[in-house]
Amino acid sequence: MPDSKLMTLPEAVARFTWDGMQYASGAALPVGSDAIAFGRELLRQQRGDLHAIFHCNTQQLNLLAATGAVTRAECGFSGLEVFGFANGLRRAVESGRLALEDYSNLAMPLRLLGGALGWPFVPATVNIGSDIQNRSAFDPAHTPSRDKIPSVVDPFTGRTIGAFRPLTPDLAAIHVTLADALGNAIMLGTEWSRFELSRAAKKVVLIADAIVDTGCMRQFPNLVRIPDIIVEAVVHWPFAAWPQGSPGMYDIDEAHMTLMNQALATEAGTDAYVRDFVHGYRDVASYLDMIGRETCTRLSGTATGFLLDPFRQWLLPAEGTAA
Amino acid sequence: MSAQDYTRQEMMAIATGREIRDGELAIFGVGLAMLAGYFAQAHHAPRVRAMTEGGVYGATPVGGLPWGIECNRISTNATSFTSAIDALGCLVASGRCDVGIIGAAQVDRFGNVNTTAIWDGPIGDTYRPPKTRLTGAGGANDIACGAKRTLIMVAHEPKRFVDKVTYVSSPGYLEGGDARARYGFPGGGPTAIITTLGILRPHPRTREFVLDAWFAFSGVAEIKANTGWALEVSQDARVVPEPTDAELAALRRVDETGALRKKS
Amino acid sequence: MPDSKLMTLPEAVARFTWDGMQYASGAALPVGSDAIAFGRELLRQQRGDLHAIFHCNTQQLNLLAATGAVTRAECGFSGLEVFGFANGLRRAVESGRLALEDYSNLAMPLRLLGGALGWPFVPATVNIGSDIQNRSAFDPAHTPSRDKIPSVVDPFTGRTIGAFRPLTPDLAAIHVTLADALGNAIMLGTEWSRFELSRAAKKVVLIADAIVDTGCMRQFPNLVRIPDIIVEAVVHWPFAAWPQGSPGMYDIDEAHMTLMNQALATEAGTDAYVRDFVHGYRDVASYLDMIGRETCTRLSGTATGFLLDPFRQWLLPAEGTAA
Amino acid sequence: MSAQDYTRQEMMAIATGREIRDGELAIFGVGLAMLAGYFAQAHHAPRVRAMTEGGVYGATPVGGLPWGIECNRISTNATSFTSAIDALGCLVASGRCDVGIIGAAQVDRFGNVNTTAIWDGPIGDTYRPPKTRLTGAGGANDIACGAKRTLIMVAHEPKRFVDKVTYVSSPGYLEGGDARARYGFPGGGPTAIITTLGILRPHPRTREFVLDAWFAFSGVAEIKANTGWALEVSQDARVVPEPTDAELAALRRVDETGALRKKS
């Protein structure tokens, strides 16, 4: 039998991250499930010069960009959906502190799929013919860019299309709804690109809202889209996506989404946010205190809660899931 | 005139929704585009096969404007959740999707869309930080390349309607004429730009967008004044019928939190 | 609301198949879940000159090849796993009646993925350098084959790899464990390539072991890997995969697997098999009689039965699922 | 010598299983290859990360030899089911998988495998129907290209051990030497051919397979007589230790229905 991979969040960040690494977030779009708690811990451990691979921006990238921890980023969408532009990321891009390489929301997961399959390139039938192909923030001196989405000729028809560069990030910190101690994971809600990312990344750490007994995985093996054999570590961190939402578990904290994005719009606001919401807790219990226990209860009353019902019988109590 | 008061944004959403036909495979972006799409479903296209770019199928949003295209408000009653490659790739970029609705920060006379950033003037040969960073292409580039037809929804302001966008995030007809054909996209390109003032459609040969219709509360002069190029007016340009009571009722059921009711 | 897509098997075959078509089976490997009942009905309606797209051979292709209904086939594996070589397919290939184009078990789903994504070609880092690339049953005169897996140069490194031709079959008849009347489907057991096939095929017909209320899909949307919007028709046909197995539903009928494969080894045996087991029933009830009601009961006692437990409350009685 | 009687097939399975190290990411084919792999897991590699090409993870087969790599006997206690692209593509062809076990109808001096068909002599320039159609490549080609090392399990008979296979279904070292490098495969190629008589391994430079070891019940002469090319014998060739009681017990727990016990 494989061994438990449960560990604490500080331990996971200490063991699997380093300055200058390619760091990927596994999330469900900008305001969906994302292990924002992992980004907070990256800041607590003062990681820097990160090269962020984010299929979409989230509040995590917004925060890491605002503080200067990320210097290069690749993503398909850099906003916060109905919460507007991502102010921290904007400031970093506009000031030139962060080079943001643009792709589309299909290009990013196709690049992850290419990395997962070990392909040297991925056929590109989108992004070609636009400035996504023409302009490169990583190689700004060449317009049209030579090496971002070069051309390739289809040998069957002679037609010219583009070629995407595959992605194989050093680490993927993937938010999942449920994990067991071995590293099997269930996601509720769209996978977005977490399946492809989990295979593309050199190492995978799961951050789970809740831990379940492996019996749950044996009952629902078709839901286990990330199997333990590709996972290094499992972190149990309730409300890991806060202030974003997690289907079946908790809704978006609209007030904090707005507060956070407003704070990240200025350097002073970012400093205050980091003081209060990055260094404002010691452990899971004080993290939940920081969110507010009443807020936690309110957000947990999500209309999607029924999605969790089939799995409740396997949920393990928090004391059983300490690393 | 409609018996009820309605906003310019509501008119835009209803005019957009009218472009969606029953049974079509359709993809809706976040925000107003999603409200327009689900309005169509609620009103005249009950069998529209709607999806989001997150691969959420069979859903009808609850609780008002969804926060995002994957959020709990749209996850509550979905019948299937898959992935971005599935929705944007297998169903859209492949050429299967009938219609997609996208937004724009800037749109130009050939229907090219910029949602990436605004610079102080042209970018120049060296790519450089913008004055104002926006959201990037998201799934709109994929929709613009793959959907059989694309609808562009955008507030009608001079700064948004430009002769040539600074950055093409999502391709319309590029330099016009047959320029788009160079890339072999399965999608046909934008068939309408639906604004807070009226509807523009592409000339069949030049692919330049011309004024096709205005709303009851607007007119040719106002639209021309708010368009950053010398806008041509179609010979058969006409006024768009006002929202019916049934349309407004359906839209407001979808727009439960009144996102479109703020007067613009 | 969309309408019910339930229809009878004869109606589905009559409406969605024709002589000379590209016909794809959606199955789980050679001896796993496959809508073999659909193949029987193809023979009952005397379809011929079929171009079969089978990720792997199954008893369905074995039967269709033995009777001569398939004249061209593409697949990754042409055996029957522990049940040995597929005698019907062998006879057809060895006699030259059937041109079998060989790929590997990864090449086939990648070609389906390429078809699903609308790519002009798919990068090939497998099958190259072997006779799979070198030899073509569809273009036998050219060795090395010119057009089966041509070369393409990676624009990033200059390295030469291969290019697979994408697949977009006219019809996919996909076996699923559970479907609702709208066409949402849940598979238990490996998907194999049914996800990719459902997107690559021009039309999709589901053949389900059981029909469930749509409430089941709303409870488990992450299990619904084939959504209704891409499905034309739903056929309810219990034991559709017989004599093969369906996880959660029924085990393999080992005796009939052997009997069938032995019969298909000769023309006379094939004629007898068609008489007894293709024309040997009129409807679902007499189909189950043909299998043997006791056999059905025994096979249903599968050790995988617990996989169905979470879904039993939504199972609809057979009378509610008639088309 | 072992206290127990055992068959040649059991010895082959145990010798193959000994090549699997604890913790490795491993893919097992159907039939005897699967028994060899799960024997390793049951005996000395409890943390082997095993998968099938159907994307079945975490399983221990029940009820005896699985009918297939996706069947109910292997689906009963799996923790994850995914897909062929996942297992064969993301985990094997990508180069991640440490070791794969494949079978062969024919294998040649450079470890190339034929599982496609047998012809009456060379095929010739025009591809033509074979005398005997076999199973095709299945996932073995993908394993042979992608797995860091491949183990080939095959009954040791002259007709199976040929100078050059008629059809390369799964590449070994092709024409030998550095020929394989032309294709840039992430996998290193076959490191052993394990037979019912002994173990062959490739020469580090020529990549020709040479006799590395024989079993207690066989010997160099018998092996040479059953090999269709002039088999070289390694300088340090030796006898393979017989199965221990613990090994035989573990194998027979896995091989519940005795598939390997038929005397060959």
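Letters A, B, C and D mark the chains as written, and numbering starts fresh at 1 in each.
Keep in mind that, in the parts below, contacts are C-beta pairs under 8 Å (C-beta built on N, C-alpha and C of every residue); 3 or more make two chains touch, one makes a residue touch a chain.
This is a predicted model, so every value here is computed, not measured.
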Checklist entry - Where the contacts of chain A and chain D overlap, which chains show up? => result C
Next on the checklist: Going by the touch criterion at the top, tell me which pair is linked by more C-beta contacts: B-C or A-B.
Outcome noted: A-B
Checklist entry - Taking each chain's centre as its mean C-alpha position, how far apart are chain A and chain C in Å? => result 37
Checklist entry - Any idea how many Å lie between the Cα centroids of chain B and chain C? => result 40
Checklist entry - Distance from the CA centroid of chain A to that of chain B, rounded to the nearest Å? => result 28
Item to check | Whole-Å gap between the CA centroids of chain B and chain D | outcome: 56
Checklist outcome for this item: Two or more other chains are touched by the chain D residues 75, 81-82, 85, 89, 93, 146, 186
Item to check | Residues of chain C touching at least two other chains | outcome: 117-118, 125, 159, 161, 188-189, 191, 195, 221-222, 307
Item to check | Chain contact graph, described as a line, ring, star, complete graph or other shape | outcome: other
Checklist entry - What chain-chain pairs meet the touch criterion? => result A-B, A-C, A-D, B-C, C-D
Item to check | Partner chain B, residues of chain A touching it in the complex | outcome: 28-32, 55-56, 75-79, 81-83, 85, 89-90, 93-96, 100, 102-110, 113, 125-132, 134-137, 140-141, 143, 159, 161, 188-193, 195-196, 245, 247, 251-252, 254, 302-304, 307
Checklist entry - Which chain C residues qualify as touching chain B in the complex? => result 1-3, 116-118, 180, 182, 184, 195, 199, 214, 217-218, 221-222, 224-230
Next on the checklist: Which residues of chain D touch chain C once you look at their complex with the stated criterion?
Outcome noted: 30-31, 53-56, 62-63, 65-73, 75-76, 81-85, 88-89, 92-93, 116-117, 123, 125-142, 145-146, 167-171, 174, 180, 182-186
Checklist outcome for this item: The residues of chain A that touch chain C in their complex are 114, 117-123, 125, 147, 150-157, 159, 161, 163, 165, 186-189, 191, 219-223, 306-307, 309-310
Next on the checklist: Which residues of chain B touch chain C once you look at their complex with the stated criterion?
Outcome noted: 25, 46-47, 49, 51, 57-58, 75, 77-82, 85-86, 89-91, 93-96, 146, 186
